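Two complexes follow with chain A in common, the first pairing it with chain B and the second with chain C.
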Partner chain A sequence: MAGDTVPEAPRAPTIIPVLVILALGIVLPFLLSSGFHLRLAMLVWIYAILCMGFNLLYGYSGQISLGSPAFYAIGGYAFAMLQTMLGMGPVSAFVGSLLLVAVLSLLIGLPLLRLRTHYLAMATLAFMLVQNGVANRWINFTGGQSGVAVPPLEWGGEPIGRMGIYFVILALAAAVFILHDFLIRSHLGRAMQAIRDDETAAQALGVKVTRMKLAVLVLSAVMAAIAGVCFGITSLRVDPSLSEFHVLVSLLTIVVVGGLGTRFGPILGSIIVVLLPQLLHEFGELETVVYGLFILLFLLFLPHGLSGLLERRDWRLRRTGKKPAPAVARDLKEELP
Partner chain B sequence: MLMKLSYLLLAGLTNGSVYGLIGLSLSVIYGSSRVINFAQGEFVMLGAMSAVLFMVTLALPWPLAMLAMIAVVIVAALALDYGVYRPLTKRKAAPLTIMIGTLAAAIVVYGLAFLLWGPDQKFVPPVLSLTPVRIGFLVTNTQQVSLIVIFLAFLIATWYLLYRTRFGLTVRATGVNPKVALLMGIRSERIVQFSFIFSATISGVAGMMVGPLLGGHVGMGLLLTVKGFMAAILGGLGSPFAAAAGGIAIGMMEALMAGYGTSLYAEPAIFVLILLVLIVRPYGLLGDYEAERR
Partner chain C sequence: MYRISQLLYRSAAVAGLLVALGAAASAEPLKLVICHVDDRSGSAADTGIESLNGLKMVIDPLNEAGGINGQKIELITYDTKTDPQLAANFGTRCSEDDKGLLIIGGSPSAVANSLVTVANQTKTPLYILAAAAPNVTDNADYQFRFGPKVTQDSIAVADALSKNGIKSVAIINNSVPFGISGAASATEELAKKNITVATQQTYDVAATDVSPQVINLMQADAEAILVYPYPADGARVIRTIRQMGIDKPVIMPRVGMMKAFRELAADTGNGVLVPSSVDTTRPEVAELFKKYSEQFGPLAISPSPAQGYDAGTLTIAVLKDEKVQAAIQAGDLQGARDAIRDATRRHGDFVGMQGTANSGYHFSKDNHGPTDEGFFVFVKVADDGKSLEAVDAAAALKK
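For the complex of A and B:
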């Protein structure tokens, strides 16, 4: 085979865009004037953390689990209750809530992950509704509608200001974001995509499907719990609204608007979903209608989401040089016995 | 003792009929297009709220009001077909994307209904009388009984249409494989359109009939969609009859749980039960049909 027909191997995506986004995140609070804007910025990161977990689970591994809001809420509740009821410090409560969610998601994932598609979606949705129902009803334990207060974060005896909390959240988001990006670019990300595209084929190629699916479910649940803890330290209160239906709708909207199975989709989608209602305030009563129409327009004209738009442009630039030779792939196949 | 049980069973049957009708309509759409329509509950809401509009505000007699209500839900179904389903399938969107599209459509419908009817609970006028009627030792009313009758009527109509007519054969063929059906000269798009219209009509009628019992509210759609979805999953998504049976099962469980257990935890307990059923039978109670096809 002539050497020049071998296409250049696609270069691994660089980490530079990740660093750029994080740098923007560091600069951002200094550009915002009001506390309200800073709160919106925190919400963007919180939703981004939640949706990165969902992106790994659905966008990359193809397991549509609608249970993320439940883990989000459980993470927040556990963080608050470990502090108020057991008197733990914030760091140990953080670790404890993540461990709790990890164990819980493992227990739920073991029986449920053999379900497929809509059945898995329904089962995990049922799990979310159970969690929400219990949080609403078990008033002595969860505080019912009013929820549980989260003790404010302290540093050296003094409560941390808004700016400090923003940077705590940014640090957690950065850790999740880098992990998310690392997984996608590594062989593990390709294993997840193999599972999404064809489980049997993936198994035949040596991917440990069950173990992988469980690992991704636990990871995404832990990410959701981190988001829940972040919500707790910004709002100083967790209540059943964390696992209500509108969170799920936001979650689905974010991954679709941002782009399913893309590197930056969750972050771009979170920016849109958090900021859009603020921009739509001037429509007054029409707000809900415009919001729905906006999502529809996104689905129609940007089917791969915002991140898909960016990655496609990237792809086009790369293709301007030499055309890839699909013949090579066929040659390779024919060489196989 | 027996009295209480039979009352609970009757209540369960009535609620179950509504869930069953929604499950049936979800399954009809799923059968032809592989899409879970998250706007299905909005059709029920439109049915109930249109009854308020036509029977109270415009004071039409009920047969005319029902026709007008069916016209409203058909317009909504066509809007869903032309505005969401077709453009998205043309762009080769994944089923989840289309599902989110129907969710967005549900948000739009909810927003429009909110503008029209406002946030308050509305009294939906009964088509039949709400005065108590005795059947044996049970006291009920014709509105309640009519729901069960309508449920059975639609069940039989769907069965006849799908399994005893040539047209039903084309619908089922589209469900099995739309491309091959297209090659056989079946216009798959029209079949999908029909399934949207048919299921919207079922849900609209269900909404108009259950409105007087539940009360009409513009936000009632979502929970009904979830219950219908659960019914369809519990029975088995592949067949409309399994979905309908799932609805009855959920209605019964709800009533029995509220009657003998705690009514406070009735809802979470049912979701736990559904989780357990799915763990034991991953394709729903009667889901072998779809499991076999894989």
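For the complex of A and C:
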């Protein structure tokens, strides 16, 4: 295979790094000194969940969809409104919101996924703008710019504290992370990459391109909805800002900093994007300039992001012939259904 | 085994010492930390910068004079960049890391909404500045507003139109929340005064051509036009209105006062009426703006410095309050925050730099904002946008 000489997507063959990251996530709250730090940790996981869906869709499948913030917002809104308007419990509301987003993304995906490249990007961006417009303008239903309050999670009649909320979010993030990792390392991940690299060739190899693209879109939307629910239970409010441009910019920045189409890019990028504004606060009026320079440096010197840097170590070692790499991929034809 | 025992004893001793030190530290008086959490970059940067300057005009002289009981007020500033999620992070940081006694900020409504959630979660008092969204002070406990609700602008407009016998109005607004909620609240208040909305036109905030909507306004032939834009699109709307030869009175709440609008509209902006929460015919208000211009550079009438100044004035009154001081001296952070909330209600009935000489703030348990009636005067854009003049609304709207 050509991939034996220049592998496009280096992959570690083991799940151990994933488990290590999750173990660090479990220990983390006991090392933090304030509730504010815990809030930042929660936001890191929330953005990581959101970006893992985006990573599968864009990074691995090559579908330039900018609609993730819309599904993020719809998930949050549905979770809040199913509780406040229909009186559902949080678990049923959670399931309901994911089902709603899955059906919606399926309906949207059927016509939109016929489009490619920037046409798909524009169409999904339009969907985000429409969703944001509805959230802002349908004031009687969505609360307009004030949004909807999310009932606090309770256990035994008492609201769950911030530490408890953190572990709820961590559990959801762990599920998404393991699924993300499983997909990337399985034959499905290689089918996604085949679609990304050449749809016609992928089809010739037996990949059901349309079905696969639609499945990834739905999965990505559901992951975004999980992130939206997590944001709701953290901030106790969802509003139109969830699907505004700054969320999309954060998403794209995470991709740049963390690394598009990499295993750990969403998490590493989220850590940087959530923490950096807090660290740069000391720069005062120059904060935005420094932030911009930082992103520029990443683009220039780390085009594959932090995760790409780590994952490509193996690639570099193989190029210099220092260490034989483990088998990266089995034959695609053997793996595909 | 002996080593392990020694280690355990020493660890216990160190832990005991830390607990003792912690207890001793908690008896220390609290620092007078307040945070300004607002936009100082992005689309609403002017509001945040001006309100911060207004706040400093009160706090800096106090600190120079020795502070309150020898303690200086420590002002921490955060730039929220019109990002509600960033605002929530900074609000939480102020409350939990900085041990802030009070948060001041939230000029854009979306940012204010985020801060309200933080204020209620962390039980930290919040003084909201320019946010126009009506419901940021609904069922309010810890949050108080200094900027009037958009509903209050609409009440002032409907009142002025009604007093001048105007029966039909056309509304044009942009598609962002300010435009949408402004038009909705105006429609509601106009209906209470039996004034008909002849047409309501909405355009995209980025639209370069608004002539289709303005033609509809022209055909509706209303007696006055009410515009709810952002600065740049507001200038496009007023230029189109004037280019089409419509000479009806135009009222543009809030945005009509903004420098960006006046510069872009230039001569076509002349005569645009704006309900203003700042009455520069009051000598003390004129003096404030004179001092502001000397200290920070030229500035036309704007509510933001007045809001920052009023928030600072009340902050000092509240921090000097006996019960607040007792909690501060006892090192009781939550006690101090609760005392600040209660003291705001006690000291918050005052005439500040916003409002008219007869009508100001009226904070109480049930009211956490300015008074509905008599808070506004009217100003008009003049001198090709270079200045704003106080105007008698009755004369300006006379049929």
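Everything that follows uses one rule, which is that the second predicted complex is superposed on the first by the 301 of 337 C-alpha atoms of A that agree within 3 Å, B and C clash if a C-alpha of one lies under 4 Å from a C-alpha of the other, contacts with A are read in each partner's own complex, and residues count from 1 in each chain.
The definition used in the following text is that contacts are C-beta pairs under 8 Å (C-beta built on N, C-alpha and C of every residue); 3 or more make two chains touch, one makes a residue touch a chain.
Values in this document were obtained by computation on a predicted structure and should not be read as measured data.
> State whether chain B and chain C clash or fit side by side on chain A once the two structures are superposed.
With chain A as the common anchor, chain B and chain C collide in the superposed model.
> Name the contact category of A:Thr288: first (chain B only), second (chain C only), both, or neither.
In the superposition, A:Thr288 contacts both chain B and chain C.
> Look at A:Leu86 in the shared chain and tell me whether it touches chain B only, chain C only, both, or neither; answer first, second, both or neither.
neither
> Answer with first, second, both or neither: which of chain B and chain C does A:Ile64 touch in the superposed model?
first
> So, A:Leu19: does it touch chain B (first), chain C (second), both, or neither?
Neither: A:Leu19 stays clear of chain B and chain C.
> Is A:Ser235 contacted by the first partner chain B, the second partner chain C, both or neither?
second
> On the A-aligned overlay, A:Ala204 touches which partner chain: chain B = first, chain C = second, or both, or neither?
In the superposed model, A:Ala204 contacts neither chain B nor chain C.
> Does chain C touch more residues of chain A than chain B does, or is it the other way round?
Chain A has more residues touched by B than by the other partner.
> Would you sort A:Val103 into first (chain B), second (chain C), both or neither based on which partner it touches?
Neither partner.
> Does the superposition put A:Leu296 against chain B (first), chain C (second), both, or neither?
First partner only, chain B.
> After lining up the shared chain so the two structures overlap, which partner does A:Phe36 touch, if you call chain B first and chain C second: first, second, both or neither?
Only chain C is touched by A:Phe36; chain B is not.
> Residue by residue on chain A, keep only those touching chain B in one complex and chain C in the other, then list them.
133, 137, 285, 287-288
> Tell me, which parts of chain C touch chain A in their complex?
40-41, 78-79, 81-86, 88-89, 92-93, 95-97, 109-110, 113-114, 117, 121, 133, 135-136, 175-177, 180-181, 184
> In their shared complex, at which residues does chain A touch chain B?
Touching chain B from chain A are residues 58, 64, 111-112, 114-116, 118-119, 122-123, 125-127, 129-130, 133-134, 137, 245, 249, 252-253, 256, 260, 285-293, 295-296, 299-300, 303.
> For the complex, give me every residue of chain B touching chain A.
It is residues 30, 36, 83-84, 87-88, 91-94, 96-97, 100-101, 103-108, 110-112, 114-115, 222, 226, 229-230, 233, 237, 264-265, 267-268, 271-272, 274-275, 278-279, 282-284 of chain B that touch chain A.
> Once bound in the complex, which stretches of chain A touch chain C?
Residue list for chain A touching chain C: 34-37, 39-40, 43, 133, 136-137, 139, 144-147, 235-237, 239-241, 246-247, 274, 277-278, 281, 285, 287-288.
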